[in-house]
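In the two complexes that follow, subunit A is the common piece, with subunit B as its partner first and subunit C second.
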Partner chain A sequence: MSLAFDEYGRPFIIIKEQEQKKRVKGLEAQKANIMAGKSVARILRTSLGPKGMDKMLQSPDGDVTITNDGATILEQMEVENQIGKLMVDLSRSQDFEIGDGTTGVVVTAGALLEQAESLLDRGIHPIRVADGYELASKIAVEQLEKISTKFPLDKDNLEPLIQTCMTTLSSKIVGRCKRTLAEIAVKAVVAVADLERRDVNLDLIKLEGKVGGRLEDTELIDGIIVDKDFSHPQMPKQLEDVKIAILTCPFEPPKPKTKHKVDIDSVEKFETLRQAEKQYFDDMVQKCKDAGATLVICQWGFDDEANHLLMHRNLPAVRWVGGVELELIAIATGGRIVPRFQDLTPDKLGKAGLVRERAFGTTKDRMLSIEKCANSRAVTIFVRGGNKMVIEETKRSIHDALCVARNLIRDNGIVYGGGSAEIACSLAVEAAADKVPGVEQYAMRAFADALDAVPLALAENSGLQPIDTLTAVKAAQVKEGIPHLGIDCNDVGTNDMKKQNVFETLIGKKEQILLATQVVKMILKIDDVITPSTYE
Partner chain B sequence: MSAMMQPQIILLKEGTDTSQGKAQLISNINACVAVVDAIRTTLGPRGMDKLVHDDKGTTTISNDGATIMRLLEIVHPAAKTLVDIARSQDSEVGDGTTTVVLLAGEFLREAKPFIEDGVHPQLIIRAFRTAAHLAVLKTKELAISIEGKDREDRNQLLQKCAATTLNSKLIGGEKEFFSKMVVDAVSMLDEDVRLSMIGVKKVQGGTMRDSFLVQGVAFKKTFSYAGFEQQPKNFEDAKILLLNLELELKSEKENAEVRLTDPAQYQSIVDAEWNIIYDKLDKCVKSGAKVVLSRLAIGDLATQYFADRDIFCAGRVAEDDLQRVASATGAQVQTTVNNLVPEVLGFCQHFEERQVGSERFNIFTGCTQAKTATIVLRGGAEQFIAEAERSLHDAIMIVRRAIKNQAVVPGGGAIDMEVSRHLRNYARGIAGKAQLFINAYAKALEVIPRQLCDNAGFDATDVLNKLRQKHSLPSGEGAHYGVDIDTGGITDTYEAFVWEPSVVKVNAFNAATEAACLVLSVDETIRNPRSSQPGDDGMAGMQMPGRGRGGGMRGRGRGMRRR
Partner chain C sequence: MAGAGGTRILQDEAVEEKGERARMASFVGAMAIADLVKTTLGPKGMDKILQSTGRGQNIMVTNDGATILKSLYVDNPAAKVLVDISKVQDDEVGDGTTSVVVLAGELLREAEKLISQKIHPMTIISGFRAAAETGRGILEKASFNNSKDKDKFRRDLLNIAMTTLSSKILSQDKEHFAELAVDAVLRLQGSGNLEAIQIIQKPGGSLQDSFLDEGFILDKRIGVGQPKRIENAKILVANTPMDTDKIKIYGARVRVDSMSKVADIEAAEKDKMRQKCDKIIQHGINCFVNRQLIYNFPEEIFADAGVMAIEHADFDGIERLALVTGGEIVSTFDDPTTVKLGHCKLIEEIMIGEDKLIHFIGVDKPEACTIVLRGASTHVLEEAERSLHDALCVLSQTVKDSRVIYGGGFPEVMMSNAIEDLARRTPGKRAMAIEAFATALRGIPSTIAENAGLDAAEIVTQLRAEHAKERSKAGVDVIRGTIGNMEELGIYESFKVKQAVLMSATEAAEMIMRVDEIIKCAPRKREGMGHGM
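== the complex of A and B ==
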């Protein structure tokens, strides 16, 4: 921090630890900030689109992540720079809100910053640039609304939903079986969706993965998979038409919470106590039996005596099932969670068509799957894959697809992908810019140029001539007046995204443009950065 | 030289730093001016933001004068008064914190040449006080009352005030949207606007426009136990029960111990405990409530019990949220489940759990006596929402002030120019030195429009000259002219609806003058080396290790100051 001196040449100590703080002011600060933002965006640029590349990230403790998902990359990079962190936040909030398009939003923001830099060089006031961007973003969003189409949301015809999810998945590592995965995702979302309120609680979809098998073996289970096995190895491995007792109490004599002590002063008393304990076990099993349960799922453990007894009385049981899973099982099977044995009644039992233990290949791992449930309001997507990294990436990809499907249920507007929406917006903003008096005009033109960054990156990543391709498509859009011409990334032979069935959600796109503008505005408004220089 | 012969008298502790006289006064002024320079660029709609990064790694991006001043961690004793006036302006009126600091700095800057020329500071102080008094009177005279309008009109006017405040902030692009939200929120409350009744919840994700106002209460889903998902999440005409007790299986008394001699009695103790909790739960259910909230935990047993009976429950609700629910729905917080008469239950027309971003929110709307509102803020980054919250706080304060004190003055520097002109006129009628000082005061006031122009990149001199000309028109028609931030010219800011509540300006003039006079009246600082460090709050602790070696250096550097 620069020191101030008075007339007598004495320095002021105005601010705490003045000499240890770094301070960047004015245009210099803006330039430095833009630089930081741009370099973050540059990293993600190559990940965009169906031909985008993946990044491999190694965490300090040696875990390796391979991903194509913008939010994940940025989060794992552990960006230190303050402005870089803003970009990370940006992609994270796109992830929170929409779940998809996390790369696109950062690329757009980076392009906006790049354009702003040249405007600042011309001496345009940063706030005027920000104002211009804001105006332009409004026009872009209007244009998006205009070119969007609605499709009827119909439980029987899920094709449009599946197509949109496929667009999301096509850029991921799992692109080759995108059809299967998209179908799984859509079915899962529709199963848990509350179509009347247009509300989807993604907590009800469980993503479970297991190394081994092929990606194609990934399946949707109308029920729950838990990473547990039956408590006794001799219990049957497969049960049909199961009635499940879901317990949150341990299989052991109940303990009062109040501090207690039993005084045993004679042999008889000891005997009675032992008898009583035994009686408890007996009663508990009996109560489950009486209620008609054929399977017991217990949140807590039970000791060997109980285990033996259960085995003996032919009542399969699972122990140590976590609270969340327990809840999902209850929802899926339509059962009630029972807090003590006395409350167990037949109508509180959950029903499932099939419960079986799955063994995988030659490994000893077993999982318990509860399938064909009475009420499939809770489902599981069971992911298989060659290694842990693939499974993790598949889970992330499916999460993206789930979010897309959820957004479509919330708002069924779609726009066409392949950069076509961006090009259409860019054209609209360009046209509107000419009508705006003042410096903002320049900012709006810059905004239009920045919007081209997404199709440019798409073309570049697909190995096409970026500028040639973009200009060709742009010219075609203007000439033919159809807004769904985009970059032909997969070399199908047509630029018509409608024919290629490349869709994206309208709210996702809108959010991308608005969020990017917002963050860029924030960065442009900063003219003073004060940091403790020891903080590196 | 005669002192050499006398024995030296040690008055103060060794190492004490004393500086006095004119030099000290000027040094103080310079320090204040240096601080003001740090925040001067944040003024006005084209003002910039500051990014302050502290050693704990938290980042704040702000445009709010008080916030920046606080984060700068100023230790200079004289400059600290500026932090204090910014803070007092913040707590008194909530807005204009940059203005007040800027004004104080400018008063000092104007006073400096006089001090250097040997004028006694007290004379300046007296003149400044008179000037401030006149300025306040003039502001009050110029204020335009917005009283007596009907509700619709009044809300329109209040929105204008809120929009002026928000103009300079990061969320300025959406000022219509937010000013409406703020006015709606404030007008939902009763006369005595308590700030705690407006809840602001921050949810990352989404854009600013996704922010929304809930005419009632909203809070984030609390920690829930298994069974929660089986509860219904949507009620119409729900009755609400608020509790401040644990609904869990627990020992009733901490230090009680049960002694059993007969194992057969064991079950009875277990049953007794279960009965206690079941009895409690049963009473809750019997009360007819459909939503049960508790400040303390609601255990898994209770969650499942309620789920079985189609009741929604949430435990560990934050205190202020619970209070807001209480005041919104008319429920009374109960500490026992005995005697749950219908009167203690609250009522709301609609309750639901809804997804907001990646969070789920419990939302109560259509409350019987909605004396509370909740603003759910959305935004791209954490710092963004934090700044938006500060901006909304300012706007809420302004609207609140404007309701209480229904007079506004034109903004954009118009009022400052007019007061300045008035003071100049007044000064002409004074014989004596005070004339100069009041003129200086008047000149200092012009800093507001000048800074507005500077920040926007306009030619300040040009605009100021135009403004002076307008304001000096004898007809008085130019009194409302201020800086037009869009074109770089001047405009009637009253017509352009750039309004500020007059109380903001009055308070700013008073506080800035007070601070300037305070600095001017100090002619000696005595800094005790040891006690100053822990005493100079904020400077303690953190400062010590970092300064360990530098401390000696600095001590010597300051030693020079002693004469």
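== the complex of A and C ==
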């Protein structure tokens, strides 16, 4: 294998312990990598589009996830192959950046790899293929900008935004009540959006789910929901005009961080210590009271005695609230998180109009909702559904919808969906290819063919004749010069995506093409794979 | 399994199934689960024995769908979906746990036939959705609401309780238990807070001896030498250590240099306890209930003061007691004037079977009550409690949403007829799916009849014909083995339960149908599971 000889003809070893390692070189390596990338893409291919199918994934612990969100599928698949992992990363970065189109990006990358394979077979050097792809992707992005239109964003007319979210949701299991969910998503985004700066902080939108009820019962709560209940069963279940003390110190005896011992050697000391202890609890509660708080939300636990004192002095309290939730509560109510009782002052309290406990079904499950907050810019989407899997999937779907709405607020350029943008790009790249001299021309044509993969998969998943449909739409686009003709997945009867109201964000599409090209280029450049062979 | 060309993408032990095979695997798994619980459906449904794998190999006899499924170890992912919906049905409405699984299984069975005819799952799903929507509409129309008329509503509730109980072990005494359950739920006065109803199991006697008590019964003993009967009791409900009252300040310890000081400190500790007891007594109480242990020393003090002290009432007991007597759970005792004490007219020790229990009569909150279950064995009692719990859940849900519908397969046949009608009016392939939905719905009355040893096909077709008439009230009469008038037979069900069954079964079936690929990750390696699992 990797044996070399020095000038005296003695062999020496380049790779350490080479017997234990597998090595694939040259064209063979590229072929193997392409193969791996393709098979990952093939798994996702059937999940594309409104009629895409779901995948059922069983985790190592036996939990079941059912989803058709590309990023989730790949993440939970536990891919082991190195190239496969690249594809997973690809989908994840699309998820982080855009939040939608995670399936599309992998399918595009897979198609690009497939086309590259046949180019390699013809003896074209991988770098030339990569260069050609790079060129083509530029043209495609230019074309996207050209065909993109501005989305009418208006705070008073949210209808177009809702329509967009509905497109995103229609490919998921929640399609049944996409209208409701889309409205919820849009309202949530608009509530937290900073329209001046065109920015949306999605952290302010909390997705909380509870098994039971129907999907239709999903609601947008103008406030925060915490999966906790009051610390004492006899505290009032509903509070109005609440002043909240948000604490990160426990209602427990002091516990200095330095190691120490308190020695008791006489009865007097015993007595004083007892008094001090009692006083301590009393002081804690009194400090909260003095600051004017009417509700205490604490990150830590309560001692039994302290708990009763709180209850006794009419100071409802919630314990063991997680750090993230605490922060959200602080944002929503405009309060400050206070780490010591001494620091508690009236101006550090948060304010909320209504705090109440909600009970569900026949079990004893209760949740606390904090509504009508001082700063209404934190909202919660409360998801209900028949079972755990539906809820998880609904959460993912709503997250996608939220991302789409956010992207539109950030940048209101849109392109039409249903594969129409890909077809338009494909046509543009094809035309541009003829003008490029050299081998790159082939690569660009291949790129154009690869772009067709998305509309092809869409047509196939919708039960249409893929090639017939694609060629018909393509011909129509050229003939009529309209770039928004696409695949009619829902059997509406028109190919005009503008009429069907199917569109996607420009940045999302751009990112899809750029990311996919980047990853493919990276894969093509690998010509040597060294892996340790299986462990014994 | 492996990716094309021999390149492995997934881990070594991961399993990947695609397309038809995946669909097969999930359909078969889901249907197997449905078939498993199918025989427990209806008044003549059979029970299952479940033996746990844990130590002791405990045995449980039940015909509650949710309980059976919860205890199963299921490996098939699609089957897990069904187990999950059954569990949610239990949590949400309390009953219909078997029906929902059976219906989902029937839906998948019909869907499988359509898929083998090369109809795309998405087409089937859209048909199912349309059918479920129509079904719900029909269900709503067929339901009726008697909540205005108190007597009539009570009769409805009784009927619902009897229908729920008739499929359980309590069916022999269903009138008795239905009365118990309805009384208990009506006492709640619409609050639906089932916590106020306490169920105590006491082996011995017969099921018929079970009774509803208007007060509160605590399964605890009264301390030695203390009064056994108190009238006009003032109760202090507490959660405080009454064994040794430790100093809670971190790092505190006793370090002394002579024996006499040890004695001093001990005396101080004792003194502290005595003071605590005195403070408690100063509340002017004559009954003290603590969640934690009460040691002999404080017990003695209480006995001297003539206070009844009850120790080690568990957390549930304490909370309930606080709820029903109207007292608050106390942990500090410095401020006797503002503490809310609990009240009741009479506390006495009573005997049930051979056990002594403490009975609180005439509590402040009339909503609370206790149901004491008697029965031949613990298995019987456990199953009885489960059944009663189902009935209570359904009733409390019905009190909230008082719409009621006939049972015995009546709603299913009615929906199926309406859905078939919809199929006739729907153009395209979707119609086949809608028709399949109607067929699946008929699976429920057919299963009920089958379990009762009747000719299912005959009964169901008769029912169908009967329902073609206007305003029919026909359903399966299992007892006489024919079809009968559900109103006369008094077989009622809660609308909310039926609706939940329909919606979640459709949702689950849809979810399983949408899957075209199953990827099972390599199971996590566990230490110490090396051999033979």
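Here is the rule we use: the second predicted complex is superposed on the first by the 490 of 536 C-alpha atoms of A that agree within 3 Å, B and C clash if a C-alpha of one lies under 4 Å from a C-alpha of the other, contacts with A are read in each partner's own complex, and residues count from 1 in each chain.
Just so it is clear, a contact is a pair of C-beta atoms (placed from the backbone, for glycine too) under 8 Å apart; a residue touches a chain by one contact, two chains touch by 3 or more.
Treat the numbers as computed from the prediction; the structure is a model and nothing was measured.
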Counting only touches as set out at the top, which of subunit B and subunit C does A:Pro256 meet: first, second, both, neither? both
With the two structures laid over each other on chain A, which partner does A:Arg176 touch: subunit B (first), subunit C (second), both, or neither? second
Which holds for A:Gly84: it touches subunit B only (first), subunit C only (second), both, or neither? second
I'd like to know which partner A:Ala276 touches here: subunit B for first, subunit C for second, both or neither. both
Of the two partner chains, subunit B (first) and subunit C (second), which one does A:Ser118 touch, if any: first, second, both, or neither? neither
Does the superposition put A:Gln238 against subunit B (first), subunit C (second), both, or neither? neither
Taking the superposition on A as described, I'd like to know which of subunit B and subunit C A:Thr494 touches: first, second, both or neither. neither
Subunit B and subunit C footprints on subunit A meet at residues 253-256, 259-265, 273, 276
Name, in rising order, each residue of subunit C that touches subunit A in their complex. 3-5, 7-12, 14, 22, 26, 75, 77-78, 80-81, 84-85, 87-88, 90-94, 120-123, 129, 194-195, 239-240, 247-257, 261, 264-265, 267-269, 272, 319, 322-323, 328-332, 334-335, 338-339, 393, 396-397, 503-504, 507-508, 510-511, 514-524
Can you list the residues on subunit A that touch subunit C in the complex? 31-32, 35-36, 38-40, 42-43, 46, 51, 53-62, 64, 66, 68, 73, 76-81, 84, 173, 176, 211-215, 232-234, 252-256, 259-267, 270-271, 273-274, 276-278, 280-281, 303-305, 307-309, 311-312, 360-365, 385-390, 462-463
Per the touch rule above, subunit A residues touching subunit B in the complex are 4, 6-8, 10-17, 19-20, 29, 33, 82, 85-86, 89-90, 92-97, 125-128, 130-131, 134, 197, 199-201, 203-204, 248, 253-265, 269, 272-273, 276, 299, 323-324, 326-328, 330-331, 336-340, 438, 511, 514-515, 518-519, 521-522, 525-532, 534-535
Considering only the defined contacts, which subunit B positions touch subunit A in the complex? 23, 26-27, 30-31, 34-35, 38, 41, 45-46, 48-55, 57, 59, 61, 63, 72-76, 79, 170, 173, 204-210, 225-230, 234, 249-253, 255-264, 266-267, 269-270, 272-274, 300-301, 304-305, 307-308, 354-355, 357-358, 360, 378-384, 387, 456-457, 486, 538-539, 542-543, 546-547, 550, 554, 557, 560-561
